[in-house]
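By written order: A, B, C and D. Residues from 1 in each chain.
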Amino acid sequence: MNLGRFILNRLGQIVITLFIITTFLFLLFRMMPGDPTSMILDPKMPPEAKELIRKEFGLDKPLMVQYLYYLKNTLTGNFGKSFYYPETVLEIVKRKLPPTILLFTTAVILSYLIGLPLGKTIAWRRGSRLEMGATVFGLFFYTVFIPWFGLIAIWVFSYRLGWFPIGGMLTPEVWAADVGLFPKIWDVLYHLILPLSVLTLLFFAGSMLLMRNSMLETLREDYILTARAKGLPERVIKNRHAARNAMLPVVTALTLSLAFSLNGGVLTETIFSWPGLGKALVEAVLNHDYPLAQAAFLLLAILVLFANLLADILYAYLDPRIKY
Amino acid sequence: MSLLEVKNLRMCYQTSQGLIKAVDGVSFEVKKGEALGLVGESGCGKSTIALSIMRLLPPNGRLLGGEILFADEDLLTKDEEEMRKMRGRRISLIFQAALNALNPVHRVGDQIIEAIQAHERMGKEEALRRVEELYRLVGLDPGMMGSFPHQYSGGMKQRAIIALALSCNPELLIADEPTTALDVIIQDQIIKEILKLQKEFNLTLIYISHDISLIAETCSSIGIMYAGKLVEYAPTIALFQSPLHPYTQGLLSSYPSIKGPKRRISPIPGEVPNLLHPPSGCRFHPRCPRAKEICGKEEPKYRRIKEDHYIACHCVNNSAL
Amino acid sequence: MKKIIPLLAAFFLISGIIDPLFASTLKIGMQDEPKTLNPFKASDVWSWNVIGFFYEGLYTRNPVTFEIIPWLAEGDPEFDKKTNTCVIRLKKEIRWEDGVPFTAQDVVFTAQVFLDFKVPRYISDWDFIEKVEALDDYALKFYLKEPYAIFFTGTLMSLIVPKHIWEPIVEEAKETKSPLTTLLEYEVTKPIGLGSFRFSRWHRGAYVKLVKNPGYFASGRKVKGKIVGPYIDEILFKIYGTTDTAILALKRGEIDYIWWPIQPGFVKDLEGNPKIGVTNNPENGLKYLAFNLRRTPFSDINFRRAVAYLIDKDFLVRRILQNYGERMDNVVPPGNGFWFNSNTPKYGKGMSRQERVKKAVEILERGGYSWKRRPKVLENGRIVKGEGLTMPDGTLVKPFTILTPPADYDPLRAIAGLLIQEWLREVGIPVTSAPTSFGDIVNKVNTEWDFDTYLLGWRLSLDPDYMRTFFHSKEIVRDGYNSMGYSNPAFDRLADRSAKELDEEKRRKSIFEMQEYIIKEAPYIPLYTSTSIEAYRKDRFTGWVNQLDGIGNGWSFLFLKPIKEGQE
Amino acid sequence: MGRFKENFNLFRKNRLGMTGLFILLFFLLLVILGPILPRIDEMYRPMTGVDKEILWSTPPSRAHLLGTDFMGRDILSQLAHGARIAFMVGISAALASVLIGTLVGLVAGYFGRLTDTLLMRLTDILLTLPSLPLIIIIAAALGKQSLWIIVGIIGLIGWPSTARVIRAQTLSLKERPFIEAARVSGASNFRIITRHIAPNILPLSFLYMTFGVTGAILAEAGLSFLGLGDPSVVSWGMMLQWCFTTGHTFRAPYWVLPPGLSISLVTFAFYLIGRALDEIINPRLRER
């Protein structure tokens, strides 16, 4: 099987998965009480107006018809109309996706950049103080209660020290003042630093411990003994032989940790008012904006699924034994 | 002149249950150009000896005492960097599990080049030519150099490992069960290969195996190990003609002889002792058909009994000869 | 480090540029951005906070007395009782921001859109209007089907949209299958109005910028002794998701005002800050407990009154609201002075816990209720819980629930629900407080009528016409607002009469009477109204106008003046 | 029993595991002491008790060792009650998910074929979905904010990782000679699973439970913090939510620190213990 066919195959699986998820979401929300009129409690809004709104969203039609509409909407990618905002869900989601990708991918990449070498080192220096320290430190952040930690970070770094903005993704004054591209990019980066650091701190332990365990297993492999018997310097053994091979299972496990890190992403976005999908999802849920909540969730799922695909391709690249 | 001399080597593994005395007071020597065979059941400490010589014991391995003199230098006192320079260059190891001994993610040729470049200042081109030469020497197609280990068959991998072991012209080659994972025909080929190379390069060889018949083919002298101890040591022919230690006798009768007449295979009854709590006295006594009272109480001394023939057994005395 | 320095330098450079630029910019923190700029569609407070600056009504209310004063109109409305018509004259020389003059045609057009499309948010103020006619460019005649009090307090204060902008949009919408939906879904990207500020830019998710309307018609006029501005050049709305971050932003001077009420918890901290002002204004709102009168025992007035006695409103106000609020014994808040009837019964006011229990037991017993174990108040004040409350017909009162909003919507009401549960249980009323998502409550209460009791709130209007909406029996329809199923023909008659009564004094009498009905019969138990606590920077602008609901009102923005450097 | 003792000895040598155990013991102490406080004085009832003298949030004092919340309720007694809720939520949700996961893994691994394929597809799907958003969505859709519903949701979402591991273990066990022997001697599938496979799998299930507790506590706290929790229950997440929504986050450290730190420490402790057990049960990780 060549790579193209493999990707095609995986895409097929992703489509099936997404179909199951969309159907599940549809059933979940349509079976539950409440509709777009549920958030409207306004004495100026006569009962007929509510009926009209239901009609407008096609909620007066039989369930099966609604389901087909919903599928059609999802397939064409516009996800229907938001219950809450006067826009299509697609327009909203389009705006929310880039910030999430920016925050999420940089955090994942950064945490791997930190976690992998650290994991490598602590596995190599097993039983050392460094291992103990890094493990305790990493695990604490790995299991810390994210919103609380986020608030404390804001308290210390934004409020007390005043180093970073309090939240959001940009300074309105900068963007409203037509200052050119560079200051705008810098402004976004400036807002990115704190949530990014928090997320990175939360994630790196995952990759570090994975790498450590994988490395410990690799270090028992015969080819490591061979490498030693060849008289290779330790550094070469550690990097070229142990770490390089230990990467393989870590890349696979990456697929799982991606879904995990999105959990943190949702809470972090909410705490830092980062205008991404995670925050949109939480708000949509609180607003009973089901179409938006569904789409946001679906997109998060797609994000993970494609990241998984990417990880698989990366795996194939890293492991010469695998030929698709 | 002996190239390697092991004197009263004692070493153990630390485990959560206690100390495992894997090698307990082993002494032997190997002369330049000679091939020594070490035989014993699995877990008797043969591989530990090999790893001790290479100073490649796992982290929980502890040296309790003894000396390993290589060209009159004690390897056990060398620092890590000096030792690294010895490995692969002056002493090479071919060890068990040849199938996993090559790193699956690197090209085989590169793994050999890497070994060469670790010891010699040599350009890539020159190293490549050296590897090509080695490939021919061990009977591999140099065209396979760019392939990954999983593209090699078991026999090819073992040849590649031999090529790797010889890449820096070592003085001593330790082969620790180099053919375990291979089928009989390939096994035979590989052994022939090793023998050929040993003669060609005048290599000093320590050949470790649980198969005494393989050793008989390859080595000029044989050491028999049991439960961390060397129980008998003699030139091959002497050993086969008159095995003295009851264990050796058992071992010989349990293997079909290639050269000798067909005998019934009669395995030694009983189990290999647990080295956490080895039997008192002679470690073989619970399984020994000739065990006497003293065997359970007193440890037999390892002593020379004839010229070049050493033994550790209460039941064999000079008068018996 | 080498790379960081230029970056830092770049940032400070930006800050340097910004500060002078924004000297007379009022920066307002909002919790959410507007949902839409379409005035027909917008229903949320964040949209109106912005749209409110663009459009004006014919009449408006005086900032202090709430008395109705002419705004786009000139002089008082001339109402003819015989024909039910009303003539209104417009101010001349008013222009839309694009220079087109504002005329009677705009008013006629706007009225026609409301009536033709039955635009939900406006139709209840307009459906008694027969038609609107332009007598000339600056005079109008309204034809009413029947007289209605809200003609003055609602209809004449509705916003007016520019005909020249909306006519093509409306015509196009009329051609479609669902004209109203098309109209509501029309996306306004550049609103054209005639208000004090004009739209400048909306960066989704981040900010909305408005700039001063130099041709604002009311600029320079005197209202209650003050000259109308606006005196600020720009307004920048910034979005802060949480009160915490907004407060920090206020402290750091990133914003000048937070346009939503803050929690009492912030007050102490802010009061110590000399640069920050905190205002308390009563909210024109009502939190209440309502019963489903279709079910027993809630259909029994004795039961409802007993519950009313058991709820310690003062405790709720003191503890949960931290005294930032007032107990409510009426559905009209005391702050709405003209319409507030102070003589309604005040259940349990000033009573101790023991007295409440005794009183409730007394009412229930008189109503024929009994217990398996009667609740008792011991000498030492300890209360022995009652058990097995039995209705007069001999059946046990079944366990029931109070639907309360969840923590995300209003944690205070969620806690209030829990306290009420504890108080009722003391006399053996088997109640459980059930925190339920807001949408679910609305659905159960308004649409499906599947509930026992619920705890919700209203934001009220100044005109008490809402009582008619909440308690009139014609509102007992699916999605109607009389979800309790309260039906009293006498009340209905009174409500209909008050709605059509144009004489304020007479109307006031009927409104007072209506309040008595509601409180005596207790389909609602009013609980409390909160105080709207707001925070602003004292060192940047001066001239905030305190009103019911807070300082974030149109008058504030017309009177606010920037404080010059070195002046406090 | 001997095996247990041996494992416990191994555990005792694991410093991180022991740290976790001690943290856990501390919170268990809190759980035990919690109900005593309201007996002393009604004002220590975590939800409805208020100090008559104190109307707002106050810093620690002699009467209130950790201070009071916005309406004068004692934070220490809330914290103690929250510990009970945390253990309850964590353990019951983890138990539910581990039960489901073990069952799915066993069935999939043992019966193989189509059952395996279907169950594992489902597992994979659930595993790739971000769980917290999923829990948020389901919790919101159900509308009712009840602790047990939340526990149920968490339990229903959290099982896939257990299922995967148990399946792998079952697959390898299935090929062992003693299973073959049992099969040949005519044991039923049920008997083989319950008598031969399950006992070998339970330690692994137990291990995953400790990790599950971490996830469940964090998920409940997250939901509560977002306002989707059960406001009639004093959980640590709800305490933070109160602190947050009443505007005390940045000015009442005595109120914001304890619940957040408790959540983090308890989950940390469970994770440490899980990790220590992992090293014991998975000898691949153990130091030789």
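Criterion: a contact is a pair of C-beta atoms (placed from the backbone, for glycine too) under 8 Å apart; a residue touches a chain by one contact, two chains touch by 3 or more.
Since the structure is predicted, the reported quantities are computational estimates derived from the model, not experimental observations.
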Innermost chain by mean C-alpha position: A
Maximum centroid distance from chain C, chain identifier (CA atoms): B
Comparison of A-D and A-B by number of C-beta pairs in contact, larger one: A-D
Whole-Å gap separating chain A and chain D, where each centre is the average of the chain's CA atoms: 23
Separation of mean Cα positions, chain B and chain A [Å, integer]: 54
Where chain C and chain D are represented by their mean Cα positions, the distance between them in whole Å: 43
For chain D, residues contacting two or more additional chains: 140, 143, 226-228, 244, 249-250, 287
Chain B: positions in contact with at least two other chains: 59
Of all residues in chain A, the ones touching two or more other chains: 33-34, 126, 151, 159, 270, 286, 288
Touching residues on chain A, where the partner in the complex is chain D: 17, 20-21, 25, 28-29, 32-34, 126-127, 132, 135-136, 139-140, 142-149, 151-152, 155, 159, 213, 216-217, 220, 255-256, 259-260, 262-263, 265-267, 270, 278, 281-282, 285-286, 288, 290, 293-294, 296-297, 300-301, 304-305, 308
Chain C residues within the chain A interface of the complex: 7, 10-11, 13-14, 17-18, 21-22, 35-36, 38, 41, 43, 118, 120-125, 178, 180-181, 184-185, 187, 201, 203-207, 209, 236, 238-242, 244-245, 248-249, 252, 254, 408-409, 437-440, 442-444, 446-448, 456, 458, 461, 466, 469-470, 477-481
Contact set on chain D toward chain A in their complex: 15-16, 124-125, 127-134, 136-138, 140-143, 161, 214, 218, 221-222, 225-228, 237, 240, 244, 249-250, 256, 259-261, 263-264, 267-268, 270-272, 275, 284-285, 287
Residues of chain A that touch chain B when the two form their complex: 126, 221-223, 225-234, 236, 240-241, 244-245, 248, 318-321
Residue ranges of chain D touching chain C (in the complex, touch as defined): 47-48, 50, 55-57, 70-72, 140, 143-146, 224, 226-232, 238, 241-242, 244-252
